[in-house]
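What follows is chain A paired twice: with chain B in the first complex and chain C in the second.
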Partner chain A sequence: MSAPIRILLAKMGLDTHTIGVTVLAKGLRDAGFEVIFSGFKQTPEVVAASALQEDVDVVGVSSLSGGHMRYMPHLLELMREQGLDETLVILGGVIPEEDIAALSDIGVDRVFTMGTSLDDIATYIRSAVAARRGEPVT
Partner chain B sequence: MNAQELYAGLLERRPVAVAKSISLAERGGADSEALFNLLFGAPFHSQVIGVTGPPGAGKSTLVDRLVEQARKTGKRVGVLAVDPSSPLTGGSILGDRVRMQRHALDQGVFIRSLSNRGHLGGLSEVAYQCIRILEAAQFDLVLVESIGIGQNEIEITRMVDTTLLVTIPGMGDYVQAMKAGVMEFGDVLAINKCDLPGVGQLEKLLQDVAHDRAGDWTPPVVRITASVGEGIEALMDALDEHAQAAPAHAVRRHYERQLLDEMFRRALLRRYYEPLVKSENYQSLAREIIERRRPLQELWSLL
Partner chain C sequence: MRWEIKPLYTPLDLQEIGFNYQADLGFPGQAPFTRETRPTGYRSQLWAMTQVTGFGTGEDSAKRWAYMLEQGLDSLIIEYDLPTTNGYDSDHPLARGEVCRAGMALDSLRDMEDALDFPLDKLNNIMSVCNAPQPVNLAMLIAALENKGKRLDQIRLMMPNAILIEYTCVGRYIFPPKHGLRIATDVIEYVIRNHPTWAPLSVVGAQLYAARANPVQEIAFSFAIAKAYIDALLERGFTIDEVAPYVRHITGIDTDFFESIAKLRAYRKVWGRVMKEQYGARKPESLRLQLMSSPGTMDMTLQQPLNNIARLGIQMLACAMAGGAYTINTPLHDEAHALPSEEAIAIGAAIHNIVAHESGVADTIDPLAGSYYVEHLTKRMEDAVLEEMEKIDAMGGALKAIEEGYFQRKLAEQQTARNRAIETGERKLVGVNYLVKPDEKREIEIFRLDDSAEQRQLERLRQLRASRDDAKVRQHLEAVRRACRDGGNLVPPILAAVRDYVTHGELCGVMREEFGEHDPNALTPDI
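The block that comes next holds the complex of A and B.
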């Protein structure tokens, strides 16, 4: 059996919309993931340092108040500096369609917009992590 | 990174080596054993404290305060925070880190969340390997925060230098329940949330428990309120006093001896028992004994 998938869930800046990420945490736990909660109102520096110490497969960022174009580039830059190039980075919440291409360019692996089901997120993470680990995709 | 490279990285105190080594220990396997072989040779360095107590007693908040206190004296601190996994899905939410995030950017602090991954008793070996990883990386203080109350707690107490039991007032009945379990193990007893009513009563009860304890060490009872940082200095002093009172790392030496015996037992099984039991000789003889065509005594002739 392959090792459980570890995911760090984070919110950055002053975004106080915490329900989405809480629902996601429970959903991913029930899907068999190890969910590390990094708290709310964090800085990109803290999120990157946490991702390194926790050696997670995935960093999942929730953003509902429009800070993503400011925080995501910074976070990805810090993660690259720390050698976390292999870590999958996903973003979810209120993300305008027109930002998605730019986010993809800076290295965000996948953006989930409003209305995405938990199943879709879990399925995506499983197959993307399996591909990075070199395991067969089930 | 292979075991040699990871070990070299640990000696250089590189956070990424610590992170990857812990993941390797969790995965297990041949590389993990190779790393453990290297780790076993490293000398004792860390003061290892296990923090245990019922859910909601404030263990994570207290660990955060202990990190703060230790950093004032320049000690480097490693934290292992263990949370339970679901027996149904294997999933878990590891939330202890939230209470300690202000230390995330401190280069002298390393925090790692661990799921017990449904291990029955097996948690202990992974946890001990993680302790040794932090010790090899020269953390002066290692804090192991473990889940609620139960069998796992007792596992933790066997592999740390000092066990800190955290309790809170106002849960009357559970104290009775704990008497026969975890109460027998704490080296230092902390009463947290001392702004709640019922502190005096609980303190009296804990003092009774402490005085009934056999051995040279009477566990001190310390009042704290971790949320505001009250009593933390006195608690740290009590923890240090315990570390100095007992022969250095006596508990861990004892645990390591048992671990060695267990590892040797498993190696013997793998090398001698398993090939023999799988052999045609054994298999056919066992069949015939079951069918009553041969007497049981013949089995012993295979030894």
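The block that comes next holds the complex of A and C.
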């Protein structure tokens, strides 16, 4: 039995859309993940520091007000500086298609757009984290 | 809400709920208002057609608004960007990247003057959506209209001033709830005393609905919130009949046709009862629910967005048949994608007009009255709302329910349940979990904001700061600070300050220092 997967869900900037992050936190917890929530209106500095301190496998950012192209590059840079290269970074919410390639280039592992099911997110996290840990993918 | 619906309703169902024509329906314009709040409904006057918009700088917004008025609208609903609604100037560190995005940037009176720089003669109503900093926003509108030479009695300003909704689900709050309520009450009091034809309060149930409240919760939470404002006004010496006519509501409408109709009917019926039975209101205006409807609040799908036009047609039809709304928001099929495109605005205006002039459903008042099903649903909704309101009263009212996270928890439950229903396919949404197109290509025009807007706004703010008399700015800020402390109405000192171009963020900054800030995580007490 491998260690439980720890996920930090984060909201940055002034975006206070609650539904996505609430549904995700409850759903991922029900699916057996350990979920920590950053709280609203956080800066990339706070999120990167919590990712380090909480020793999470995954940082999941929820963005619905279009601020992601501003704070995601900064967050990834801070995470790299802190040696968090192995932490999986996922982003979900209202993300225009034309931003996805740029986000992938800066190191976002996966973007989930509106309408993605909880199951798909959970399955992706399990297999991506297993691959990083060198565990067999179940 | 998914009520248990029977395959058939008969006179027995009405008998079972004790339905009585006089007591439950009566006539339009008369208690209990189930049929309509006005005697002639849409027969004498159709609903006003309006639309939410605002983006970029004041100048950018002015161009869009001029376009909207050319499309035949006579009312505007102004949205502001997140730095503005959170009480920060555009050059605040937390504002970076969000300036001009989700609405118009408003740093000073200069921005409002730019925003209103178009012919104002056709404009009858402005709804300005800026809840936590409402007194600053109100002051800027007053000063800008005056500077533009518009007589203030020739326009109607409406504001949600709906800070208690922000604590419940939207999150654009700044100060702790009790201070938020005091600030909102200052605005209402100022407007009632100085601009009695304006509308200083709209409880935005539509936001609760968008946050997945079921219809019963939407009405019950909204009315509990309305009661908190009313109680605060009564404490300031007003009588119920002086304040009740100023309380408005905005409801969200979705595609569940009969449920929407029953909801609109129950809304006005319960409001009249609450005002009469709980507050002893006597004037007919106090008992008449003043409602604006907002179709397209839910169920606007990102996938296959043209399908939303069909959904909006159904929703508008429900609004027109149920009546009772003096204004109906223009529904927009690209809601899930971005701010509205010009194409979406034109189609939304067409949907209004097709329903109004081609369908014939507004030709007679409350045409579904007497339907076994609709009456049964309306009565059940009424009973359930009153029961939920009693529960909230027992908790100590809306302010307590917010502080203790009750509303927020109930909404979170609903959000999770609805998501599950969609994921399991129990609730079908075409294009989302049913009749899905696997390789869908985007089929509509999408509004794109000019990326230079933030830089333009920052430059304007820099120029403004360089050109002002700093000593005067400080004096104004101290006057506002004194009002925060001594409990005087905040609007007059803020109005004096904005006239000298004290900024929005500076004024909110002083209030932050005096009132403190509310916990950003109070929105989601369980995660």
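Rule of thumb we're sticking to: the second predicted complex is superposed on the first by the 138 of 138 C-alpha atoms of A that agree within 3 Å, B and C clash if a C-alpha of one lies under 4 Å from a C-alpha of the other, contacts with A are read in each partner's own complex, and residues count from 1 in each chain.
Following the convention adopted for this analysis, a contact is a pair of C-beta atoms (placed from the backbone, for glycine too) under 8 Å apart; a residue touches a chain by one contact, two chains touch by 3 or more.
Quick caveat: nothing in here was measured; it's all calculated off a predicted structure.
Novice: Counting only touches as set out at the top, which of chain B and chain C does A:Gly39 meet: first, second, both, neither?
Specialist: Touch status of A:Gly39: both partners.
Novice: Tell me the contact category for A:Lys26 with respect to chain B and chain C: first, second, both or neither.
Specialist: Touch partners of A:Lys26: chain B and chain C.
Novice: In the superposed arrangement, does chain B or chain C reach more residues of chain A?
Specialist: C
Novice: Which partner chains sit in contact with A:Met114 here, chain B, chain C, both or neither? Use first/second/both/neither.
Specialist: Only chain C; A:Met114 stays clear of chain B.
Novice: Output check: A:Gly67 vs chain B and chain C. Expected answer is one of first, second, both, neither. What do you get?
Specialist: second
Novice: If we overlay the two complexes on their shared chain A, which of chain B and chain C does A:Asp55 touch? Say first, second, both or neither.
Specialist: The answer is first: A:Asp55 touches chain B but not chain C.
Novice: Based on the superposed arrangement, let me know which partner A:Asp15 touches: chain B (first), chain C (second), both, or neither?
Specialist: Only chain C is touched by A:Asp15; chain B is not.
Novice: Under the contact rule defined above, give the chain A residues that sit at the interface with chain B and also at the interface with chain C.
Specialist: Residues common to the chain A contacts of chain C and of chain B are 25-26, 35, 37, 39, listed in rising order.
Novice: Chain C touches which residues of chain A in the complex?
Specialist: Those residues of chain A that touch chain C are 9, 13-19, 21-23, 25-27, 35, 37, 39-41, 43, 65-67, 69-71, 94, 97, 113-115, 117-119.
Novice: Which of the residues in chain B come into contact with chain A in the complex?
Specialist: 15-16, 18-20, 22-23, 26-27, 85-86, 89-95, 97-98, 101, 104-105, 110-113, 115, 117
Novice: Note which residues of chain A are touching chain B in the complex, please.
Specialist: 3-4, 25-26, 28-39, 42, 45-46, 49-50, 52-55, 82-83
Novice: What part of chain C is in contact with chain A in the complex they form?
Specialist: Chain C reaches chain A through residues 82-83, 86, 88, 94-98, 101-102, 169-172, 211-212, 301-303, 336, 411-412, 415-416, 419, 423, 432, 442, 520-521, 523-524, 526-527.
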